[in-house]
Amino acid sequence: MTGRQVFPPLTLRAEGLSCGRGGMALSQDLVFSVPSGQCLLLRGANGAGKSTLLLTLARIIRPLSGSFGIDGADEDMPLIHYCGHRNAIKPRLSVCENLDFWRTMNGANGVSSQAALARVGLGHLGDLDAGFLSAGQTRRLALARLLVSLRPLWLLDEPTAALDVDGHALVGQLIDTHLAMGGMVVAATHDPISLSKAEQVQTLQLGAVS
Amino acid sequence: MIDLGPHAAFIVWAYLGVLLAIFGLIGWILYDGRRTARKLAALEAQRPAR
Amino acid sequence: MNAFVRMLTHELRLALRGGGDVLTLVLFFVIVGAIVPFAIGPDQALLARIAPGIVWIAAFLAMLLGLERLFRPDYEDGSLILLRHAALPFSLTVAAKIAAHWLVSALPLIIASPILAMLLAMDGEAFWRSILSLLLGTPALAAFGAVGAAVTVSIRRGGLIAPILIAPLSIPVLIFGVGAITGQQAQAAMLFLAALSLMALALAPFAAALAISSAED
Amino acid sequence: MSIDTAPKQSWWNRIAHPGQFVRWTQPLLWPLTAITVALFLVGLWFALFNSPQDYQMGDTVRIMYVHVPNAWLSQFVYGTMAVSALGTLVWRHPMADVSMKAAAPLGALFTALALFTGALWGRPTWGTFWEWDGRMTSTLVLLFIYLGIIALWRAFDDQLRAARIVAVFTLVGAINIPIIKFSVDWWSTLHQPASVFRADGPRMPPSILTPLMVMFAAFTFLFVVLQLKAMHTEIKRRRIATLQRRVAQGQPA
């Protein structure tokens, strides 16, 4: 994975952002700015609103107040990869078919499916039906989806869930490579994410609403 | 009541039906309103408004 | 454009690899049609007269049955959120899903309708007209079905509500569908049916996409 | 690409806030009720005592004074729901959600009353309670759409999220209602000759027209009053839901 700069300089900016579900504010007046090459870790107890914030940034949920946006991005180019708890994998389709589908749907400007599978350690399972994958392997397949289409902003919800020890290392490497390419990552996780350059990491603590 | 002609029954039933339905609707809306207000008051009392 | 085709083949592959789906829909269609003579009696003349209606009711019910497969599986495994981020505009994705739904649930019925025509003592001329009216009308059923499915996708027991919402919208399709087979102004009804399908196919993807994106997960 | 959600302070937005809406409309309730009652009294007096028999139908024309306003209201209420649906989808106006939800049961009842009085009117004139004629059938379909919308509202547990989805269906319904009406009319004329008696008659002498207009106004005001009252209750219900969630969230957090 070359270290060259792929994405234009972008910044994810949020001012006074408060988001919640059903009119209930879970996190309030958030202010953060994530320039290219930076990773924002969301920490907080269960139910502190980490997933809700990620879904709000992914434009799935409307924010209750405040505003956020990506400066320096042209409007029509798709910018966001969202990787939630559910892996969006069809058990009856083979691993390759699943990945190829997302590669075509999200724009095939990333690595080839085979290379992505190899990168996440599923290279030898291409033709296996996805139903036979273990939870950790399915999670890796979901991560492979981030590689086949290049998008600047990654929104990861518990990326290391169900992953073994070298799975954690894999997530760290993937984020490292993405940041090196000038991408941005917002990850909600409880486990420590080991990145090569510590200064790239910002942490946002989400606590109970006062 | 004036003579309503041979089909008086239908006329009476029509007006009676509409009247009953309307009063039923008004009654339900008032009852529902009062019940919700009472429940809201209870909740507000039990929990000091922030 | 190939994203649209890819979405269509993805949906078809899922449905066909599922195996059972297509077969059950066709069986349901034939069984609903075949039950009627038991209920109404074997009198050929009567059956022939009401045959177009039965064919349409069986098609309508069979397509309702196939609706659950339209958005719910994608909603439950998280694909729906990702599809909203896809390069393909979401309403086009929904349009691909509607097309796949039509190919999986309506086309097999039309292919199987000769069986029903025979059971219900339909004469040749009415049979061909019913094939044509089914071809023209079922896209509208698929489109309204998609709107009903999209509106109820985020409700836990949404499957029960969808048919109630779709039935009133499908009444014009049934009226013109059956009207296109028998009756004096069959020609006019056929044209209205085609117009209705075009209108429904044009409206449904946007309405369904809006309904799903308003679900706010 | 950032979206601005700071509320603009125009009139339109000020009644958007539930508390403001209640404060503005609460004082209107009693005067409106008074007007409604007055209109009903005048209307009933005209309808029952002071209007002539119809040359053709005799006294059964009096049922029209109750039937036609209900039939018209069933369409008018759906119209307000469609406008509220637009308010919800396009301007995200919170009061639009509330008004859409409050109007559905009222619309359903008026449609049911239109069918009920229509049937009672049909019996003496056409000889049967139910006649598959174009107008009555499309009113029946409209009732199904209303009941479908009410069922849809009740199916959601989170009412705030439900509003936009029900709004989409209400608009799809609004587009389809004229189509349904047209197809049902076409269908009914196809299957039997036009019903012998045209409901609204060739022309209406003023002596019949005035009671009809008064009853029109009475029913419309009745709808407005009940709609406002139902909206106030719905606002309280939403307030309760928020409080209960806050209490639930208050404990564990």
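Which chain is which? They are A, B, C and D, in the order written, and residues in each are numbered from 1.
We take it that a residue touches a chain if its C-beta (ideal position, glycine included) is under 8 Å from a C-beta of that chain, and two chains touch if they have at least 3 such contacts.
This one's a predicted model, so the numbers in the text were calculated from it and none came from an experiment.
Peer 1: A-C versus C-D: which interface comes out with more C-beta contact pairs?
Peer 2: It is C-D, judged by the count of C-beta pairs in contact.
Peer 1: Going by C-alpha centroids, which chain is farthest from subunit A? Tell me that one.
Peer 2: Looking at centroid distances, B is the chain farthest away.
Peer 1: Taking each chain's centre as the mean position of its Cα atoms, how many Å separate subunit A from subunit C?
Peer 2: Centre-to-centre distance between subunit A and subunit C: 37 Å.
Peer 1: Report, in whole Å, the distance between the mean C-alpha point of subunit C and the mean C-alpha point of subunit D.
Peer 2: 31
Peer 1: Measuring centre to centre with CA averages, how many angstrom lie between subunit A and subunit B?
Peer 2: Spacing between the chain centres: roughly 54 Å.
Peer 1: At what distance in angstrom does the C-alpha mean of subunit D lie from that of subunit A?
Peer 2: 47
Peer 1: Which subunit A residues reach two or more other chains?
Peer 2: 62
Peer 1: Give me the residue numbers in subunit B that touch at least two other chains, ranges are fine.
Peer 2: There are none in subunit B.
Peer 1: Using the touch rule from the top of the page, what residues of subunit C touch 2 or more other chains?
Peer 2: Touching at least two other chains: 216.
Peer 1: Going by the touch rule stated at the top, which chains touch which?
Peer 2: Result of the pairwise touch check is A-C, A-D, B-D, C-D.
Peer 1: For a test of understanding, state which residues of subunit D touch subunit B in their complex under the given definition.
Peer 2: So the residues of subunit D touching subunit B come out as 44, 48-49, 53, 58-60, 62-63, 66-67, 70, 106, 109, 112-113, 116-117, 120-121, 123-124, 222, 226, 229-230, 232-233, 236-237, 239-240, 243-244, 246-247, 250.
Peer 1: List the residues on subunit A that touch subunit C in their complex, please.
Peer 2: 55, 58, 60-62, 78, 80-82, 84-90, 92-93, 97, 101-102, 104-107, 145, 149
Peer 1: Note which residues of subunit A are touching subunit D in the complex, please.
Peer 2: 13, 21-24, 47, 62-63, 65-70, 73, 75, 208-209
Peer 1: Report the residues of subunit C in contact with subunit A in the complex, numbered from low to high.
Peer 2: Per the stated touch rule, the residues are 2-3, 6-7, 10, 13-14, 17-18, 74, 76-79, 81-88, 93, 216-217.
Peer 1: Write out the stretch or stretches of subunit D touching subunit A in their complex.
Peer 2: On the subunit D side, the touching residues are 1-6, 158, 160-161, 238, 241-242, 245-246, 249, 252-253.
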